[in-house]
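For reference, the structures are reproduced in the following blocks.
Two complexes follow with chain A in common, the first pairing it with chain B and the second with chain C.
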Partner chain A sequence: MNRMENPLAGVKSEKFRQVGKPLIRTDSPTKVYGTAVYAGDLTMPGMLYAAVLHSERASALLRRVDTTRAKELPGVHCVLTAEDLPASQGVMTDMPGQTGGMTKNTKQPILAKDRVRFCGEPIALVAAESVAIAEQAIGLIDVDYQDIDGVYDPFDALAPGAPIVYGDDNVVASYKIRKGDIEKGFAEADVIVENTFTTQYQEQAFLEPEAALAWVDELEVLNIRSSTQVVEHYRAVADAIGLPHNRVRLRAEFVGGGFGGKEVMTIEVWLALLALASRRPVRLVQPRERSFLSHGPRHPFNITHRTGVTRDGKITALQISFTSDAGAYAKLSPYILLYATVGATGPYRVDNLHVDSVSAATNNLPACAFRGFGTMQANLACEGQMEEIAKTLGMDSMEVRRRNFIRTGDANATGQIIRSAVWSDQCATQALAALGKRPENSQTTRIGHGVACYQQSYGRILWMKDSSEAWVGVEMDGTVVVRSAVADIGGGQSSALAQITAEILGVPMKEVVVYFGDGAVTPLAGTSTASRALYMSGNATQMAATRVRENLLGCAGRHFSVEAEELDMNDSQVFVVGDPKRSMTINDCVKLCAAEGVHRHNLAIFKAPTSEGIDPETGQGEVFPDFTYGAHAAQVAVDIETGEVRVLQSIGAHDVGQAINLRAVEGQVEGSALMGQGFALCEELILEQGQLQTRSLSEYLIPTSEDVPKIKAIILESGSGLGPFGSKGIGEPVYAPVAASIANAVTDAIGVHIFELPITPEKIVKALRRKETVG
Partner chain B sequence: MTDKKTGMAREKLVNIHVNGTACEITVPAWRTLLEVLRELGHVEVKCGCEKGDCGACAVLLDGEVVDSCLTLAWNADRRSVMTVQGLGGPGKAHPLQTAFIEHGGAQCGYCTPGMILAAKALLDDIPNPSLDDIKRGLSGNLCRCTGYTRIFSAIRAAAQALRQEGGTS
Partner chain C sequence: MLPSFELLEPHSLDEALKMLATSEATPLAGGTNLLPDLRAHGRAGRRFISLAALDQLRGVEHKGNRVIMGGSTTLNDILRDPLMPKAAPSLVSMAKVFAGTMIRNAATIAGNICYGSPSADAIPPLLSVDAEVTLTSAAGERTLPLDSFLLGYKKTAHQPDELLKTVAWTIPAADSANLFYKLGRRRGDAITVVGVAVTVVIESGSCSKARIALGSVAPTVFRAKEAENILIGGPLTAATIDQAALTAAQASRPIDDIRASAEYRRHAVHMLVRRLLTQAWQTSGAKQHD
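Up next, the complex of A and B:
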């Protein structure tokens, strides 16, 4: 792998003036005053309103889609079905914006033609004068379905004779890892522990449903302003409808939550088609019920671990199998399965390893990206298995973890050498210590403590050959502009770029404006996914700002007749270190540059390390730029009569490399604590024969303010990451261990392990009854 | 306009005071306050579900917090509505807004307008709320990003600031 040279070149002081501080995010005031604009808030003169007809059947032939009555309704401008679409008949749902190799068969029909494969598949689009008319028109479309056999379980889908949903055999993807000598490893083991863990569908449940506005402008450019994590979708839109790439402009507005659900294209291509057909601006805001159908939830996984371990807790062999339910289309399932496969061993070193993973197509909702991207499911099994191993051996589970933690310099599951710091032990120890003393059990409540560690990548898969560009410039009055097409999805993505730039150019953060998210006028930054936005765009911004700094200091050095190294910048001043009388304001310095014809701006590109892929037979090779490590600890109280679990404390301790904005990092830890609690205890999309049963936020329950435990973030900084100033990615990593820590705490409380998430009161009561009858 | 069959008015002119400004608008009986406010340009009132599940659309109606998606516009006739923009803004921020900014109470920000108004109603009721009061007061407002911890601390800080303000003025 190629690495960048010391990213700190250009910043003199090791101690940062602004980086790492809990400064006010640049996007905070506008959001708090209610002036921030989201895609669904946008209007244009002559704007039409869209509505979408989604399939009511999970597996059926479309005998006829009759739009006559809908088209006749006054106020309806256009009704589109598959018949009206351009020949390409599909939209790419492969990894967005990538330059590397793609998976086969990742096109999905924009609108279903002869057959629907899942309940919710889009069939027709309407644009009309009002939302009410558009909805009425949707109701007037007659669809003649003929049900055909479907398959609703991934194991059934893989069985011989199953109805075929995808390809020839319903296999969307499969991987294997063959490392070391597994037979020898099992022979060396004193005990073998085998368990199967299952996880459920989890819905992103962002507060802002999908929304976008599209129109054709005076340059004959198709514009889309959308709630998306990926500005580069403009290419996929263009390809799907047969326009050149330079005729589609996609802008990402402030996103009201994404969590992966706005990674693969959602509604943009529908609006593009309607805007082209009607030649009017068209807006769509998906009603919540249809939002559930418009993006993919987290994959349900079935994971079996068969672990050989010595009496003193050393893992000698591990055999893992994964089966995930991809639903009706591939979307990102192959990549999510790859993440699970690479993350199969969690933060542990396993020299003798077999992994077999498969993702199967069914007639269920297509699952897709969700914070953690397969790694968190894999991790959940690892951490549950740690408890089971410890129980079998009569050891403390932290001791078993310590015997097996991967360390810097070790090879992970795919043989990639870990180069950055691995502070799993420190993080877990601190998180557990922060729980403090256990409260006493009462008559009916049992207290439990649980911990979980993890390994989660940040940055994209290496063979995607990722890069990000950023532009930094100083205006004549000394204020600063950053341009980056990064999508701001709520984690402070654009604010972090302001903070980095302010640090390097020695200006207050409020002097920096970040233009973000515009595929046409800000340099392309890649996606706000894969915990890569800070890593990639932060590095590009740091490079650009550093070069601008060099130019400014060069001019100032000539002015003061000193070497640039003798100069520093702070508080909008450029000065000779140790000689404060020799100083000038940044605007005077910029004017000097202008007079000398020196650039006051820079466009930088940061390129991630790359690799050519893994060996398909052994699964060995480098897959990710780097990994983040940490731990989460939870304290729960379980009511053994009702089975109700209350989380009392939830503590995340993570080595973030270097915090850029401490408050923003802590915010990620806190938000993930509650989201992970939902996954562990209450969240579950329920499908029956492919039909979604939980279609509202009163049926799909996410934790509320009343469920909030005492949440604490412990931030450690090894400075060893590949991001700006040694930072690591954190958006997904901090989520990875939460559910496992809560599950482990419940096991600790009740003495029974529930292997099937979510851990509902019914499952607890049942498990306790079984324990009583057996024990 | 009246319905020919039932003789019931189907549309009527309503007069709603939004953030202190009188707004007249003719609306059918079935339109929600949420739709009407957004039509009037108050897009700071967000929509997350249209079913009363999320609280993103919360506004103050004569000082009481309501989900505007569950309130018919007719019911707001001759009443006053406050949205987050009416509470304060740049240069004249309400202590709750200042505290939300300083504590980092907004991440994606989509829940924030409703959350702040629910907090305002809570503090009007209970000027010195306990943590449990706050949790109860926000139980109708979902946030998927923050884990609520910074929202809680912002509300406590604002409560204190408001009490001090009240004490000195």
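Up next, the complex of A and C:
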């Protein structure tokens, strides 16, 4: 595999013994055997069951919420409404990191008081002796709504006189980028291409809906075991209900899918309140229909690109506008809009750039984090625009890309210099080549090939000043323990730490146990979001394991009378390199350490680079630690009579820096291929006047096993990332180009571009008809 | 949440029919329609009669050129029957794209028919082979064409005390083609946007019989009889086929819903009927040549 000189981390030229190999993940057996415990499996003696009353109206005053009948129902232990909540009313819905501050006004009421702003807003909580009783009680709560004018479109929300949902003007956030000289850029252009792209709401549709169990323990600590991506929500829970931080313990169980949907707090604070009020353990597993209302889906975006290009395909100016629908509460919308803004130019270098972006509040479902976090919508427009530019110029679209790709050392949209490898070209070329020859068109089907590249950050926004801690220790028998509060959300987050540690300490991976996800007893590791878990916790673990190794080799060196550098560790042995007779087992080595009083463990902290923000007028500044680059290619067959699209091949090629577990990387590529296919073709939460029309998984259509195309992952390793061993983040990056590649393949097949996702059969038929009549 | 319900479990057909005659109860076969409905908007305390133990309701009998299929035959049973590809090709094509494997293991033919949904996938193929249904009750048996069993949106001729015992039809003639296509928004577990089954029988170079059955484009699955008539009595030229397909599209009364617009559905009927008739003519014509 290819490597390049890494200017930052220093390329590890040695061959790895375990890193990069497709080893069996530490969490795989328990999941395969069905013994893994998820939050919804947990029970406790005396446990009660919760249910939540969600608003049926999108915009209404709450004239009265009468819980009398619900409270009288036998078996009901408590019913809570906004009236019963502590004065601090409101839970923080943004993610400030360990030290950063909040964006303006992102608190959301825990339960609606006086007014509901979206259909699905929580109004009341019940804890009862069975789910049936809790549900019955929910049905007995009388809510007197008085409808008031709402607004259901972000452009309407920004118009003068619109009903106000948020702040004074419904503007949840706005950004701009002013870079270079746009006038001059357009003057230099031979042609100007302008298009508007729109994307829909996408639901995370994780297998496991929101689930948690909460109770107050014998030390008066409020415990929550939850399906979450963020253990450190314990602080937000504590702040919301007025407890000290050290009295709330949040544990993240194995998570059956997060994708950003379990990034902002979901049901934890509700259970905390019910457990405190009832003094009993309380569990909730949201039914699917209410799960749809309990986390934020992907933001719908409207994106306009006006691009100036020379005849030979060089972009001279680019003007972009973004409008996203935030829904009724801010949640993470400001950050997601920032990601879109930074990612506006995709993996391309644009010296003359204007970006104007705004996120508007409406009475729709509040949108929130979803794999890609705004970058993928921005990217989709860039990649569709590449095809349109190529068509206008009569050039091959890969050629247009090549003339504009950002390269190592170039500045991106916000002026941040890209220091790691940029292998967009290699990735796209390999992905396209892997599609092979096109099958023949038939009378009614057209084959299309499409490709898309991307730029996606990994690691959190620099002014959040992110850090992660990890603890590594060796037991007296030579087995190894890793402690990290990382949430294991199914991507192999904890297993990667085992593999890194096994590499460094020279023990088989099965000798390593990772204790993870406990906000009270494992060192805090930050969020499993932003494709940062491996980058941050992997580095912290690498640091801790390396220091333990140094301690062990120090003792062994003294024993063998050699320098530590002459020693190596493998197969649970410590030995003098080139002199295998001089060796000892790791447990003997650990005993030596113990006898000498040398630490057999280490607690390390990894701190990400930081910055103080971007210039509000120009949008210039460093925003992210680094970016991942790659490409996805798709082959589709389109039925030109019915408009049906079948994805035949889906190929992801990504520079992952360094794979830690090859199989886990491939798994990310495979999952993203289907998730992106859903976004491109069939997934869409449909709202009418704020009312969700697609209320279940029979109306909200994710691809099924029958829809799986041939999927292939091509893994390139530049070794240039900021993660352990030169790795880059990949969880979101692999998803970023998928939908665009499918959209471009459809364009290639039918000769017209569909600018509005999802690309339904109906839209294809209409587009083809328009093409026929227009000629 | 699934509301609680009462479940009666008869061990014989007679016992089941007696229960149906004397108590207000609903037959429960695979439960793949009833249980999701109950969970979505049902009330507690309903009474169901499980058909699970009534073996005589399940299975396919081939008697000469007649096929008699028990009501509790599952969609996967259809795929496992080695004679079915000859006995009703469209039914096999349909079963392959019906739901997904898990549902096919539970879903029954009687459940599909009696639920009476306009999107019931088994009905267009069965209409295309002129199937009849036999209903049985404590009072006796009656047999009627499937076509007249379907009355309207989720409305059938089924009486509360009856069970659908069998569906039966005559194997299509040798010089014929019998095809099905399901258009959905995804390939697995999709509610049909347009379902089409056609039969074309050829005698000495001309079409002697035609069936066009359409799903999801009217309050109930129906036969586009006017379109069928256009095809009878001559060879099927591209022009006749297109005219029949257009007539079928005009006979459709689809609605707009979250899956597709009425306009698109009509267009798809036109395209798919034309395509299936063309294929049917070509394959049955080819058979004649041999």
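Here, the second predicted complex is superposed on the first by the 759 of 775 C-alpha atoms of A that agree within 3 Å, B and C clash if a C-alpha of one lies under 4 Å from a C-alpha of the other, contacts with A are read in each partner's own complex, and residues count from 1 in each chain.
The working rule: contacts are C-beta pairs under 8 Å (C-beta built on N, C-alpha and C of every residue); 3 or more make two chains touch, one makes a residue touch a chain.
Everything quoted here is computed from the prediction, not taken from an experiment.
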item: Touching partner for A:T444 - first (chain B), second (chain C), both, neither; value: second
item: Touched partner set for A:Y515, first chain B, second chain C, both or neither; value: neither
item: Which of chain B and chain C A:P287 touches, first, second, both or neither; value: both
item: Which of chain B and chain C A:E762 touches, first, second, both or neither; value: second
item: Most chain A residues touched (candidates chain B, chain C); value: B
item: Chain B versus chain C as contact partner of A:S672, first or second or both or neither; value: first
item: Touched partner set for A:S28, first chain B, second chain C, both or neither; value: first
item: Touched partner set for A:S696, first chain B, second chain C, both or neither; value: both
item: First (chain B), second (chain C), both or neither touched by A:S705; value: both
item: Partner chain(s) touched by A:T642 [first = chain B, second = chain C, both, neither]; value: second
item: Chain B/chain C common contact set on chain A; value: 287, 696, 698, 702, 704-706
item: Interfacial residue positions of chain A with respect to chain B in the complex; value: 22, 24-25, 27-38, 40-41, 204-209, 254-259, 285, 287-288, 489-492, 663-664, 666-667, 670-675, 696-698, 702, 704-706, 708, 711
item: Of chain B, residues touching chain A in the complex; value: 38, 43-44, 46-51, 53-54, 56, 83-85, 88-90, 93, 97, 100-102, 104-113, 116, 134-136, 138-139, 141-152
item: Residue ranges of chain C in contact with chain A within the complex; value: 1, 4, 36, 40, 100, 183, 185-191, 193, 258, 260-261, 264, 267-268, 271-272, 275
item: Complex contact set, residues of chain A against chain C; value: 131-132, 135, 287, 444, 641-642, 644, 646, 681-682, 686, 693-694, 696, 698-699, 701-707, 760-762, 765
